[in-house]
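Got some structures for you, see below.
Across the two complexes that follow, chain A remains constant while its partner is chain B and subsequently chain C.
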Partner chain A sequence: MSEKRTAAEKETLREILPEVGTEHRLPATPPPAQYSIETLVPEVRQQTPAVGQRATRLDARLHGLGQTKYIDDLAFPGMLHAKIKRAGVASARIVCIDTRAAEAVPGVMAVLTGREIPVNSFGPSIQDQPVLADERVFHAGDGVAAVAAVTEQIATEALERIVVEYEPLSAVFDPIDAMKEDAPRVHPPAGNVYAHKVIRKGDVERGFAESDRVFEGRYATQMVEHVPIEPHAAIAQWDSNGRLTVHSTLGRITLGRTDLARTLKLPVNRVQVVGTIVGGNFGGKNEISQEPVLALLARKAGRPVKGVYTRREEFVASTTRHPIVMDYKTGVRRDGRILARKVRLVLDGGAYCSWSETTLGKACILSAGPYKIEHLHAEAFAVYTNKTVTGAMRGFGAPQVCFAYESHMDEIAAALGIDPLEIRLLNAFDEGSSSPTGQTLESVVVKASLLKAAQRFGWREPRS
Partner chain B sequence: MKRRGSGIGCMWYPIGFTVSANPSAATVKVNEDGTATLLTGTVETGQGSLTVLGQIAAEALGVATEDVHVVSADTDATPMDTGAIASRTTYVTGNAVKLAGEKARSILFEAAAPMLGVKPDQLEARDRKIQVKGFPQRSVPMGDVARHALVVKGEPPIGTASFNPPTVAMDPETGQGKPFSTYVYATQIAEVDVDDETGEVEVLRIVAAHDCGTPINPMLVEGQVEGGIAMGIGFALQEEILFDAAGRQINPNLTNYIIPTSLDMPEIEVDIVPSYDPTGPFGAKGVGEPTSVPTAAAIANAIYDAVGVRVTSLPMTAEKVLAAIRAKRARLGVKGDG
Partner chain C sequence: MSELRIMVNGRVRTASVPPETTLLALLREHFGLTGAKLGCDVGDCGACTVIVDGHAVNACLVLAAQADGREVVTIEGLAPADPLHPIQQAFETHASLQCGFCGPGVILSAKALLDGNPDPTTAEIRDALAGNLCRCTGYTKMIEAVRVAAQALRGDRDTGAAAASPPAWSEA
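== the complex of A and B ==
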């Protein structure tokens, strides 16, 4: 290879590594940048006023040069690697966990189970989620034990040697089934409906009675993952005063610090959370996940501990988007004006509450669409199932209900023989319209957005 | 054969969330040369929020984007923040940054007033200068004022402020209340080709007209819209986590769970709808999440327009579309399977 280097490359190498010549390997850490650190379009970043400028991002150059430090690029002296064992069964009682064989693997420095976690529960509104399952498994992606070892490979191998004995329990996977009285309870003794929201405005039955036509439809959406490029990742380390520092991909470090202090029973001022630049969040990194596990492994081992989720763990162990079953009933006048709407939403809440209450609230409020509807009754339920936990994801229930109310709108338009653009313009909010919750809306530009998009698209112009 | 159709998806979306209070705090420090440092507890998750917050701080101080260095996301060093969630950063954290910048600026005005022989309320900060309103030629460079405040007056120009959107709790029986401070609105129109022999849907073009209040950085708004549409297309046509009968995922990998790639992306045309929200920083609201909200709806309606079938569950896979086409043909008594 070395013979093939051009003269220019040899020259560059000599500049970078004057003391070792051209035939040695590059150092592990890159040398200081050899290029100008000025931005490509300085005139934009240097202009005033600043607001409204198409200023290049502060981090764009580092991304482009591959110099952004994500968690997996960070290392601390003596750092270990953690792996978490996933249950693989959706609903079971944990009879016993035998970690002796894993502890005996050379290179394993610490093993952790749920019973060792000072406060083994967390959650932004209901603290129903264990950090590691201890007595019961609620979904197949639950962590049941964790290992810290000198390499990822050893940690993964040691997980195989942890033996967990389960007593299978009945499970429920369909949210509509889970609402039935005799359904298996995911978190007994509580029922499976763990959050409920209602919005009532006007008199929906009177609205239907006054309508020329009434349309009904059921719509459903699926469970999806955020799929960020960077998976959940964190590094935990303690100083000799017993103060914890966690570098993490968390998007909410203030809440993360509170949750870490709570689960570890530490004063808040003994926990530092440092958020790194994150390779995508989309709502999936809004609460702690493996951070308390890494912290406890680090304390046991006396060394920094890094954990990076595998792609499989991103799917099975992180939060996902709520599937929603959505029933719509809408009363309209012959001219397309909506008079009344009744909506019933059932959110598959998965095994834990997570951000379901926020999702439920937004889905319920938004479910009527950006339209003036005098008589409205929307009702929404979040239901436990023994499935992957559903939580915050870009739109919090809005993409689901938008699929329903906009599909429904076009069905109504087609049945009445009205153009889809016309029926929306007829019903859309105006400045000062009243929202489903009775809020007077300001800076409303629904019609402007419809007209702008229609103009740009060439809506209903003859096709060439 | 391929049949072309177009469909509209229109939406509204709130800024922030409802379950609890939703505050952000920020600190702006003006250095001796008129550059500044912003401390914020939010996290950059790839959306460009730190650039936007820097622009807001710069605007409040009358300096350029480049002049503000942003320090973020360290619970030891930066103030409390509800975080990078719920399309709230530009609006909520942005308001806190603007207020913090204005507090620092007021210290500069106190220092500059005697230098210019006017009262502090007669001053404005623009173009890296502090100048008399209506008389821009009577000005002092920002750096001179900052140095004077720190070194002569002994009053470091530092401002700290917080912001929490005003809301009214919803009545539990009727849901009436003011759950969010403000909302954004958007329309996307999709053009698709549907192959009526295979059910395959190809998204050709999406036109997106989004309201975000004042676009603090129009380029980043466009980036959000394009990214949101990519996510919306996956939600509409491809992505689904599948489970076996025992509740275990059967496709937890990117081989069997297919997300859109750059080759799946249609032509996208973005318009920012003119709007100004007096409660937002310099009129801004937000744009992050809404961009992926109406995409699936627009595609569903475009499929109906193309082949006359309504798929009521996502994802609208080729199998589902083809089954709906066949069911429609059977209903109408059309012969043939193709």
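== the complex of A and C ==
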């Protein structure tokens, strides 16, 4: 091999590996490509050749041609269409499910209930979510049965013929109520508070005692659905050797693969998950939903099975953003300097944990805001209610607490007669400031950003 | 069954479908034209937009039988990969598509607008795209792309679309 190298190649090799001769192996990685950097923004940091460059998205061409294949654009020979029956009641015991009439509908190839699922629970941190509800319904969007049929229409019609008898149970919908001792328990015998975090810094009571004024406020945000334009969709199919392939809109295919293997009681190496181009995720497609159902229907029917959520299912059965009830108490000096802050966050987790623990942690850490606060006590709870499950969504709890601490800041500024910009400049993080969890912060540009923004939109100009 | 004869992307197509079949289902499932997407199925999101006799319509709200004898243009009928239609080119150059799911619908709404109004105001562009929801990109870049595409279609030379470089994927 080495004899066949040209002189120029040998020269290149010598540059790459100056210490070794040409007889050595080629380096494991090729030399870095040389980019000519012509930045459009002169002072831009030149750490990466990407900054300041114009680029065309690699996927833009096929998107614009309408040739990108999303899940619903794929079809396999013999493929069936699945539909899931939603409970429609928030809290109930399932007495019995009669699927005989649905099975008799011409064109129906398989019917599935929760009792047929090998391991009927999943979730990224706490496995509290059934694939299909079997003994108990925890929220109205729970699936209770599923049908695979030759057309979507037949599947939908067959769902109507499935009769489910429920024994209604008491339900709780308000997270504050759900924390009370006598509240109905969503997952008995466990209590409704399933995750908790506390951050303590300094002595918050001493901080309040030293303050000139103490302000209190309660802020609350609502449940938000991601509404990707492409609904959740997947296709499941088995090969003749009992291996499962799932095409899915899942954003986390390796986690999904593990969850599929677990719920189906299969070795992980029997499961393949193919992630396709996704038509919007925003955190809402981060865990399995209907995939195990489709896999079991496909096994029963011996055919590939596709499932696409309706827009209604996106709202009632997919994850959403946590509503949070946020109580703030802040002690300040007369000049607006914050001395102490106490925060209590109650995250409405809905019926299942999903990504609540991640959201809870992030919301708690960020709840003090980008401000230097010596005495802090932040406490956060994630609470079960009989509502649509909440999970990951852009920011993992950060937008909710931002709404609260900035609203609180405006109220304090107004009460003290201080300009809202000034009170923020007085309290904002500096280079080297310490975060509530003790992290030393670098590249801090809060004040510079605020000033630049204020200048750009004319904050200091007189307002009419 | 409804017996249909429809001009789709310049070609006469026939089909025999159940009367409840929507135009969207006809295009996607019978003709294999999956560029029009099913997003909401109730005419809110515009992902299924196609052009029928020059008008941008939600294909999920139109029965296939209502399109009988009419002329339908889908995203597949707009242009080949090279050269692109000026609207597609402008959307690519101006990074107006992220996940791309709403893209075909938005581009066809823009085409229906520019076919009838070669020099629209920003307000007119906004109005034409009002029925197309996007959750990733937002509308600023789309409106900019439509404006540039309009210039290109009118024959103006100094446009971003005309100066566009070829996409990276075709060089691979």
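By our rule, the second predicted complex is superposed on the first by the 409 of 464 C-alpha atoms of A that agree within 3 Å, B and C clash if a C-alpha of one lies under 4 Å from a C-alpha of the other, contacts with A are read in each partner's own complex, and residues count from 1 in each chain.
Rule of thumb we're sticking to: contacts are C-beta pairs under 8 Å (C-beta built on N, C-alpha and C of every residue); 3 or more make two chains touch, one makes a residue touch a chain.
Bear in mind the structure is a predicted one, so any value in this text is a computation, not a measurement.
Touch criterion met: A:Val308 reaches chain C, while chain B stays clear of it. In the superposition on chain A, A:Gly66 contacts chain C only, with no contact to chain B. In the superposed pair of complexes, A:Pro231 makes contact with chain C only, with no contact to chain B.
Put chain B and chain C next to each other and count what each touches on chain A; the higher total goes to B.
Common to the chain B-facing and chain C-facing surfaces of chain A are residues 56-59, 227, 277-282, 311. Remark: chain C residues 20, 28, 34-42, 44-45, 47, 74-76, 78-79, 81, 84, 88, 91-93, 95, 97-104, 107, 133-136, 164-165, 167-170 touch chain A in the complex. Here chain A touches chain C in the complex through residues 56-70, 72-73, 153, 226-231, 277-282, 308, 310-311, going by the rule given at the top.
For chain B in complex with chain A, the touching residues are 4, 6-14, 17-20, 41, 43-46, 48, 50-51, 54-56, 58-59, 62-66, 68, 70, 72-76, 80-86, 126-128, 170, 172-180, 182-183, 185-189, 191, 205, 207-211, 213-220, 228, 231-232, 234-235, 239-241, 243, 246-249, 251-254, 257, 259, 269, 271, 273-279, 282, 285, 288-290, 292-298, 300-301, 304, 310, 312-315. By the touch rule above, chain A contacts chain B in their complex via residues 39, 42, 44-59, 88-91, 124-125, 139-141, 171, 173, 197-201, 217-225, 227, 250-255, 257, 271-283, 285-286, 311-312, 314-316, 320-321, 357-358, 361-362, 364-366, 369-370, 378, 386-388, 392, 394-396, 398-399, 402-403, 405-407, 410-411, 414, 420-421, 424, 428-429, 435-439, 441-446, 448-450, 452-454, 456-457, 459, 463.
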